[in-house]
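One chain, chain A, links the two complexes that follow: it is found with chain B in the first and with chain C in the second.
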Partner chain A sequence: MKPSPLRYFRPTSLPDALDVLARLGDEGKVLAGGQSLIPLLSMRLAAPPALVDINSVPGLDEITVDAGTLRFGALVRHTDLERSDAAFAAQPLLRRALLNVAHLTIRNRGTTVGSVVHSDPSAELPAVLTLLGGSVVAQSRAGGRQTERKIPASEFFIGPLESALRPEELAVAVEVPVAAPGEGTALVELARRHGDYAMCGVVARAVVEGEQLKSLHATYISAGDMGSVVDLGAEVGAVGADQVDLDALGAFARKVVETDGDIHATAEYRSHLVQVLTARAVRAAVDDAVNDVRKEAS
Partner chain B sequence: MTTKMFGSPIKRVEDPRLLRGEGRYLDDLGHDSLIAAFVRSPHAHARIVDIDVTGALEVDGVVAVYTYDDLAEDAAATGSGVDKRLPLLIPHPALHAPRTGYPLAKDEVNHVGEAVVMVVARDRYVAEDACERIVVEYDFLPPVVGLDAAKAAENTVHEDVADNVAAHLVQEVGDVEAALATAPHTLTLDLHIERSASMPMEGKGVYAIWNGDEESLRVYSSTQAATSVRAAVAATLGMAQNKVECVAPDVGGGFGVKIVHPWPEEILVPWAARKLGEAGVAAEVKWTEDRREHFVSSAHERAQEQKVTVGFDDDGKLLAFDFTFWHDNGAYTPYGIIVPIVTSTQVLGPYKPGAYRCEFFSMYTNTVIVTPYRGAGRPQGCFAMERAMDAIAQYLGKDRTEVRSRNFIQPEEMPWDHQLTFQDGRPLVYDSGDYPASLEKIKALVGWDEFEKIRDEARAEGRKVGIGLATYVEGTGPGPYEGAHVIVETSGKVKAATGLTTQGQGHQTAFAQVVADELGVRVEDVEVTTGDTRRFRYAVGTFASRAAVMSGSAMHIAARKVREKALKIAAEALEVSVDDLELVDGVARVKGTPEGAVGASLPLSTIAVLSNPLRYAFDEASKAATQFAVGDVTKPPVAPGEEPGLEATGYHSPPRSTFASGMHAAVVETDPETAEIKILRYCVVHDCGHLINPRIVEGQIHGGVAQGVGGALYERMEYDEYGQLLNASYMDFLMPYVTEVPERIEIDHLETPSPLNPLGIKGAGEAGVIPSAALIASAIEDAEGFQIRSMPISPSELFHLREAHARGEVPAVARGGESNGRPGTKTRRKKEKETA
Partner chain C sequence: MTEQVNLVDESAEELHDVRVNVNGTWREIRVPARRLLSDALRHDMRLTGTHVGCEHGVCGACTVILDGRPVRSCLTLAVSVHGHEITTVEGLTGPNGELHPAQQAFADCHGLQCGFCTPGFVTTIAAYLEENPDPSEEDATEAISGNLCRCTGYQNIKKAVLRAAELKRGGAEGQGEARQ
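Moving on, here comes the complex of A and B:
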């Protein structure tokens, strides 16, 4: 289990990194925390001719909250983001999600941006980003000119391990909107063992105004289509926050969210989990939203 | 005064070194050596048509590429046996169709992972690059995967074994047919257990150094049987044994898989080192197994299908136990049929079975070989018996513990002869044990009699909790023998060595405790070496919970001889009678003399000096021992019948195995919605005779329970129909993390000494793992109210069982006051004998 021969670059500035990526094109692969990429290389499931290690690029490890947007750079480790009180205040769902990502030692190295870019349908972050309507900030250089584009989550995730990022692009950061007033979120998942990828997970976001439920959405981990959001609110209609029919929502989700079987869970069991966990996640998200409204009021 | 060390829960002396990262495991050795890697079969069953290695030879850094043809050529040229099939280590008359593989596949591969080509290169990266460029052309053969396919025998694993049956064994005591015919009640259970594997954190590994000047080999192997690896290497390479040394360095776990020998690599790596050494290319070759290799080219265990028919009376007393099972032995049988033999005998547990008949078929499949993994067939036997006990209790509407106690062998009936032949070829006779006392202890520990209330309260809250119990008897410490050598150096420090190996059990501590007591020295003054043929040449190996029993006893015997010798020398020097002396605090002294009294004592260091009359005074101590300084000039310096040196060798060779026992109880909770399974409590009552070190014993139990939880709830080998192992990584083979193992394992001990060894001890290495599958099945059954017949069980499977139960396809069990009638299927006695 050793990687195939490869060239290794360790640029020390952002322009250099982008230049190397531009030069390498298809041949280059970004190395961030390495927690997903290194195993793939070691098992020779991936054999890129060149690695561009971005760990020495300065300025990519910042977490900022500005104008309603929480932004974290490409070298922000899961642990950094999870422990950032500013990030938690801005968008509490991230911490809730990150605590379900692998184990501490992996979170200490793995980057949250890397987890987004990796586009694993079993990972928490793609589902979170999709639900929150966040975006990926991608930069590239051609002919000495640096360009940047923001790719919304709805366009970013193309399929399992496939994103809209081009080979010459570096995802320099990810942005998510700061939680709105009356917004409540929750992530509920079931994994075989502590820290494993979930057999099924549900991320839910509810917005409550006064006593009324304004909107209710969910995305799925290890189930459903990557990048798609299930509008549960449309199913519930305009009801009071305490009147959401959880059983009906669960049954609805089971109908609309497709599942596959694998060695850990049959498709049928996954569908069952979609149902049960949707109800649990919605309950928690609505409660969270109601609490938020109460906090605002007091 | 030195306190008695036997029985003291001192901390393990080896741990600080290992915890600080100062262990020297196989891959920590030989940094400059050449590295081997293997091309392994990607197919479960195929004929090799052609192997093209030219691409590999072009890779910079590649030193050699070997296929079977090279082995054949070498054998022809040197007379070595490297072209022969690997040995059948443990032949047995019932193993009528044994098959073993070649070190490198000759013309057929029989499982994914079988070694086909060996590459030796500058480093592992280069070696793997080269492996990728080797093109092997295969002709596919239909694979046989799983016991159903093996039994159906539409395809065969080995062309000349038409029914895929490697072994067929029947043992019968009494007339089972007649007993079943007259039994008031009979029940039949169809049971199933999945594959798992040892999975030591450190995989296998071999590092060989050829010494061209001496024409000798030193072989380091991450093995559980250093002396046997040495013998196998010497035999296969055609070398004298005294030209081969084998050393097991620190070994990062074994759990059974490293008792098999010689692994192909244990032959190939030394062979390549000699070949390349003689050619003047390089003299050192190393191979370190990676995790993927370990999954597909080491060994697995456990998979069995079982059919149990029990006959019993109204009290639940067994009148007949008819046990047929099919054991999946994988592609080859190098380790014989030890595992199914153990299942077929240890199934009996603490019970008198009435008439007993066991029949098993050991079946070939195109999968990784099956050899003992901690428990070694016992978990399967325990599963069969304990599921049957629960079924009888349900059927009769009795408490599960009541039915068990009806059938116990009583303490006063010991030694108990089951009139069967055990795995060691000797009669299955239990030496001692007190099962009723064990049951009382486990019931008290877990609160068995109060559980009904807890279950009812939980049910009222919509929660599902259940309790389970399982018992086992474990044959431990089988022979033939182990030995030990103990020497007191002139520094007064004690060096002890035994031939069997250590994989983390704490032998350095436990053996030192035994020796320290005999010699009256501190534990830290005793240094223990294991698994090094340079230090001790005769040994069997570390398996079957035998190290403490066998080598521990040998240590005791050797140390006692040294003690006697020391006292004799001291008595002469002090001019007192031996009977007046004692060995304490590192000195021999006249009993009752106050500390520090002149002339009344002699340090062990001085006795060691005196034991060895010398000609030359190379240091202060030796000055005292020169022939010009001591002794009676009229007598020979070394008396007739004596030997110089304060040392001795001792061997322990008991007539039979000693039988440890225990009972586990657990409380589990299952989520009514998600079908998650959580262990709320795990209790163990354990009887391994006297405890050398309770802390070490409990550590063994903890580790065993952790592996048992893995086997019960998480681990399986997920083969597809083509014989591809789909979960050959730690990502998908789910060993429990510490977060999955119960936080607290509640332990109580019972000490029923063994009469078969001087220390009264029994083995403790495997006990923790044996009852897990049976236990957890029992507890889940109790929580859910329907039959569990197959283990391990995942939430997904429990979910489907619930659905099947709701459809009426899985029978209910009545328990805890529930009255869903009498479950279980009453069956007629089968008229014909089972045939496969």
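Moving on, here comes the complex of A and C:
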């Protein structure tokens, strides 16, 4: 239960960090909060030859809301984002999701961008980012030239623990759109203990205009395909916000979302959870959207 | 200090100088990059109050306070705390050996049996009370939800959280300052 020998770099500026990553290529692994990486190192499921510790790089710990986009840097700890009132006002789903991410002690050190990059299908953040249509801001430096690209969530998550981030790239920030008027969101999950990895979770987003449901989407935690969004609205059709048939939606989700069994839950039990939790998440998201519409109107 | 025993052969590994403030004193250690903070505290600094249970972040026994916030020392590399401040369970006790309210509360409420998990609980609760001086019973449960105890069944630990808050609010005795 000790990491294998490794080389360690602690760059103190962004260009230096990018240079080190470019030089190391496949051999380098970024260390931010380390709350997923260090257990992997200790269990020797991962043994990168070198770590690039970005904790001393200035400017990566900022949370900004600008032009309809909420952006948080690579060193923003879960706790900081969860407690940021500006971030909550811009996109309330993040706080709702983060309160389910591990325990406070882990959230104090772990970073939200790191959780996205780790690309774990049983984590909350990949499902949240996919549902919101957010993106990862990746920077790299080759031959002294710094380049940046934005990778949309739909292209970022390739599979379990696999993302589109290249070895020489650093995910400097994650961006999500600010909540639209009439947008309601919810995250509902079931875990053995609060804070543990969910056996199944559903993230839902509803948009209501007047009294009509305009759109309804969901993504899944520990179920379904990473990076894919289930369009529940197409199944519901054009109905009033108070007329959504939750039972029918749950049954539909059970049909289209594939599940696997593991030590924590059988595939059949997970499918049952997909059905039940979809109904609960949709209810909560639609209620949240209706409340938002009422708040706007008053 | 006495000569320290080298527990693993690190002759082939690159070593890093780490300067870290532990319980108010700046300490300098030379460690390989892979040294976990929990091991650095116990082996390199001989502060064995921090206990190592699961070594992958699940049990919470190794919790220390890093720059005011509780973190898992087994999920932190010693090299990455260079220049930072750490409080371990040893650092909670006052200069004359008086117990921290969180420690006193564990004694008052019979919050420990074997005591292995206790340092992690005490550091977690001490840091928690700095931010939430008046927790409800539900808050107390949430505060300790990331720590495992295999003896007590948690009820007395929950009582200890509330008792610690009471002691902290009411001074050393905590008498006559009953909760509103």
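Simple rule for what comes next: the second predicted complex is superposed on the first by the 298 of 298 C-alpha atoms of A that agree within 3 Å, B and C clash if a C-alpha of one lies under 4 Å from a C-alpha of the other, contacts with A are read in each partner's own complex, and residues count from 1 in each chain.
Just so it is clear, a residue touches a chain if its C-beta (ideal position, glycine included) is under 8 Å from a C-beta of that chain, and two chains touch if they have at least 3 such contacts.
This is a predicted model, so every value here is computed, not measured.
Could you look at A:Met43 and tell me whether it touches chain B, chain C, both or neither (first, second, both, neither)?
After superposing on A, A:Met43 lies in contact with both chain B and chain C.
Thinking of the overlay built on chain A, is A:Gly195 touched by chain B (first), by chain C (second), by both, or by neither?
Touch partners of A:Gly195: chain B and chain C.
Considering only the touch criterion stated at the top, classify A:His264 as touching first (chain B), second (chain C), both, or neither.
first
Please indicate which partner A:Leu273 is in contact with in the superposed arrangement: first for chain B, second for chain C, both, or neither.
A:Leu273: touches chain B, not chain C.
Let me test your reading of the model: by the given contact rule, A:Gln35 touches which partner, first (chain B), second (chain C), both or neither?
So A:Gln35 only meets chain C here.
In the superposed arrangement, which partner chain does A:Ser228 touch: chain B (first), chain C (second), both, or neither?
neither
I'd like to know which partner A:Asn55 touches here: chain B for first, chain C for second, both or neither.
Touch partner of A:Asn55: chain C, not chain B.
Looking at A:Asn291, would you say it contacts chain B, chain C, both, or neither? Reply first, second, both or neither.
A:Asn291: touches no partner chain.
For A:Thr79, is the partner it touches chain B (first), chain C (second), both, or none of the two (neither)?
second
With the touch criterion stated at the top, can you tell me which chain A residues are shared between the chain B interface and the chain C interface?
After superposing on chain A, chain A residues 1-5, 39, 43, 193-195 contact both chain B and chain C.
For a test of understanding, state which residues of chain B touch chain A in their complex under the given definition.
On the chain B side, the touching residues are 124-125, 128-129, 132, 290-292, 673-676, 714, 718, 726-727, 729, 731-732, 734, 736-737, 739-740, 794-796, 799-800.
Show me the residue ranges of chain C that touch chain A in the complex, using the header's touch definition.
12-14, 16, 32-34, 36, 39, 55-57, 60, 63, 66, 69-72, 74-77, 79-80, 82, 124, 128, 142-143, 145-146
So in the complex, the part of chain A that touches chain C is made up of which residues?
1-8, 10, 31, 34-35, 38-39, 41-43, 51, 53, 55, 79, 102-106, 108-109, 193-195
State the interface residues of chain A toward chain B in the complex, per the touch definition above.
Residues 1-5, 39, 43-44, 190, 192-196, 199, 263-266, 268-269, 272-273, 276-277.
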